[in-house]
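Going by the order they are written in, the chains are A, B, C and D; count residues from 1 in each one.
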Amino acid sequence: MLAFLVGEALRDLRRAGRVAASAILLITLALGALGGFWLLSTNLGRAVGEWRERVKLVVYLRREPSSADAAALVERVRGLPGVASVRFVGKAEALGTLREVLGKDAAVADQLLQNPLPASLEVVPTAGGATPAGAQALIAGLAAMPETEEVGGGVEWIERFARGQRLVTLFGLGLGGVLGVAAILTVTTATTLVLHARRDEMEIMRLVGAPEHIVRLPLLLQGMTQGLLGALLAVWILFSVHLLLAPRLEPLVAESLGLARLTFLTPLNLATLVVIGTLLGGLGGLLARGRATP
Amino acid sequence: MTPAAIIEPPAMMELHRVWKVYSVGPVKVPALSDVSFQVTKGEFVTLHGPSGAGKTTLLRLLYREEIPSEGEIQVLGLDLARARRGEVAALRRSIGVVFQDARLLPGRTVYENVAFVLRVLGTPRREITARVFEALRAVGLSARAQAYPAQLSQGEAQRAALARAIARKPLLLIADEPTGNLDEGMAAEVLDVIRDVWAGGTTVLVATHQKALARTLRRRTLTLQNGRLLKDEG
Amino acid sequence: MTPAAIIEPPAMMELHRVWKVYSVGPVKVPALSDVSFQVTKGEFVTLHGPSGAGKTTLLRLLYREEIPSEGEIQVLGLDLARARRGEVAALRRSIGVVFQDARLLPGRTVYENVAFVLRVLGTPRREITARVFEALRAVGLSARAQAYPAQLSQGEAQRAALARAIARKPLLLIADEPTGNLDEGMAAEVLDVIRDVWAGGTTVLVATHQKALARTLRRRTLTLQNGRLLKDEG
Amino acid sequence: MLAFLVGEALRDLRRAGRVAASAILLITLALGALGGFWLLSTNLGRAVGEWRERVKLVVYLRREPSSADAAALVERVRGLPGVASVRFVGKAEALGTLREVLGKDAAVADQLLQNPLPASLEVVPTAGGATPAGAQALIAGLAAMPETEEVGGGVEWIERFARGQRLVTLFGLGLGGVLGVAAILTVTTATTLVLHARRDEMEIMRLVGAPEHIVRLPLLLQGMTQGLLGALLAVWILFSVHLLLAPRLEPLVAESLGLARLTFLTPLNLATLVVIGTLLGGLGGLLARGRATP
């Protein structure tokens, strides 16, 4: 009986021809878009992770502590909630950094009689400490220390970071919405196509007493096959596009997002895509029904 | 395969005050008005009436392609008003129907059309070929086995539908104008086939508008006119 | 509307050594073998033959639904092998065809089906309603004007197809088994309608498998068997 | 006859029901994507335009010229090919700018005995002068002047600019490819759907002698109506999305791209979308044909 059902599904697929090809391509398109968004969001997520490491607060100190005092201070700050790591920057190091930053204008630094730059602590917050609210608390804590002259440097980074996350979320929601519409349309269209091709046949099958599973299952199998083929095609296209474009995009991405490499989807992601495709196709097949028995 | 109730039916079919009224826009078309009759197992009944009398409508009610507007119908012991989907399918597998418009599966050859119902019944594969060709030979179509329905003449299509109906050796054979598209010689042959099936124990119900045919059969004849059962004689 | 050549044809139709061979997979089905005949304007011709003889195939060639495998066909002075698409459409507008399977437009009511061909012919709107109902009355269908084809009995569908064919007052009327689904009384009425159309100057070609009908008509009869023209008598 | 044709088209559309709705939505999707890309590319184009204004070359001068000499020099440089505008920056102005840039570290500038910064010319190149090759030539020309100590400052901007344009182009090509596939699929699917719904009807029409334009034109009109509806829907969706998202995205966009406002499509763009939709739908209707006369 299974052989009969599979045979029925395959003959339907063959006969549907252009209609089936169309349904497969629609599923490919929807899954390709889904996979593309996933790829994007994975890499944006990685970029966001790297941005977070760049977020730092600078605590300018009233006077340069001795190296023992500095070590103790670092230890104390590290104990504060929301702090991931702390680094002490002495006056000399600060001037060296300034000189690097000035580059062409480094002559300015050479003309100095004494080093006017303060010593400081570079504080990298944890994920919790890098939210706008967490940062507020952390900054208050750091400012309250007696050694602190002023806290600064990293707040705009934190806001930029939060905005970046919002951007990614918005982007995801927008694309998700469009994809939702595309997927529903895919299923509806595939269903309609299959229905038109099969309505007469299904009605006659029912009239000669074919049990419901023999009327419906081939359609389900056919739909699942279409979905599977569409998903595999989508995976293949995503892979090819990634292979082709990644090397070209990487320099640009390195500059704008600070990512050295664009990673591809994991095998688990790909398997999920294939499963979604198969289910979508199957749903289309399942929804298709001939004229119901009265 | 068939539910227990179907094996020993009290009557092959029983209609009680059946009405069928179609709505065409605001107009009501009474296709059947207050029809009651009974057919017992093994009978050969002819349903006679002019064009539009309600013959096809009556037959459709029997295998539940339509449901009556009012009244009760039992076929093979199954109350059609209360039957579940699986029971209707099982009932249809026990009934062979020759549709007036043949209704072959358009994407399959004549052979596949006949084989399909046998496969649906779970007939072992090795028996199928033999039984399909036996049925096609009986209606004189073995030469056209590989043709698709669109490649058949009207008379050939109707004979293919008959082959499909008899290949499964049904308990009840319903034939709607089985000879409407056939010349006299062919019609006689087809009636012989139907008589053979009946002789094998199948109850037969044949609808026709041909007075001559009804007379030839010399069987119990139900006469319909304008949806009313005028006579029940024979 | 109609090209000049159509107005005074040398003959209504002329077939010269026409063959039609269908391929069903590897099998060749010769539906028509070496058929030649002529019909002049105003004739009433019956085409008789058993199921599968090739009657429908022959009629299809005349309005170019099919093209012959070999041989030449002229209808209303138009050489069908060389006709362009517009000429074929014009020819079909001059021919009324009653298809064996009715072939009504499934999405339109009986009224709309008949009105459609009149509109296509450019009939003024105010004339259409009257002519449609005249034709429906002739075939006894005025009460079913608002029904869709799926809501008709087989006999009614065939009469609707006849109404569509005669409403346009064609030069040539081709009817494929116009009484196949009708009882004797209705068949006689329909034949009267066809005779009236013929009396109005239309050439008529009726295909039938009913010997009795062919005899009743007492007209020139072409007899087909296995695709060969056996007799041309009357 | 026209009334007849339009009536036929409308009744077909009504009867096609779900199939027509599906075709309309597919066209909406394709046009929505097209319009969305257009919107993106318009705004990216504006961003690129603003970036270009930030590209500048700095010509450091050997000594500070008198103001008359400075004016003459500016005049001369303005005459070089590839130069859009020139601004003279004196030593005092340069130190002021440095002080602003240093911000927190401005103390450094206050400690100076004398101003170590050179006078300079800020040269904004034309579009031609801002290509990597054009910049090469311009830099050579500027370096060859006797007053020039060194040319610098803008080259990495020019490369970044060129990369930005490549990114936009690549993005456009990618999206264009996907849209091409979507549009072709839309038309094919719409055609198939219409065909399935009408094949029998068209064949019977031909058999009763309906002229080809009566068989085909309603289909064409129906397709065009579908396309038109789809396009209007797409425009409406784009407008709503822009209205909803633009205020939220603007802060992010201002930061990342330097654009203060996200503009909507021009009426001409919108009209083009509508025309494309109508043509697409019409093409679908035109391609659909019943069984051809043998």
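Descriptive notes on the structure:
Rule of thumb we're sticking to: a contact is a pair of C-beta atoms (placed from the backbone, for glycine too) under 8 Å apart; a residue touches a chain by one contact, two chains touch by 3 or more.
As the structure is a prediction and not an experimental result, all values here were calculated from the model.
Touching subunit B and subunit C at once is no chain at all.
Greatest centre-to-centre distance from subunit A is found for C, with centres as Cα means. A separation of 68 Å divides the Cα centre of subunit B from that of subunit D. Subunit A and subunit B, compared by their mean Cα positions, are separated by 62 Å. Put simply, the C-alpha centre of subunit A and that of subunit D have 25 angstrom between them.
For subunit D in complex with subunit C, the residues that touch the partner chain are 1, 4, 11, 15, 200-201, 204-212, 214, 293-294.
Remark: subunit C residues 22, 24-25, 27, 29, 49-52, 56, 100-101, 144, 146-148, 151, 153-156, 159, 177, 180-186, 209-211 touch subunit B in the complex.
Interface residues of subunit B facing subunit A in the complex, by the touch rule stated above, are 63-67, 85-86, 88-95, 97, 99, 103-107, 116-117, 119-120, 122, 164.
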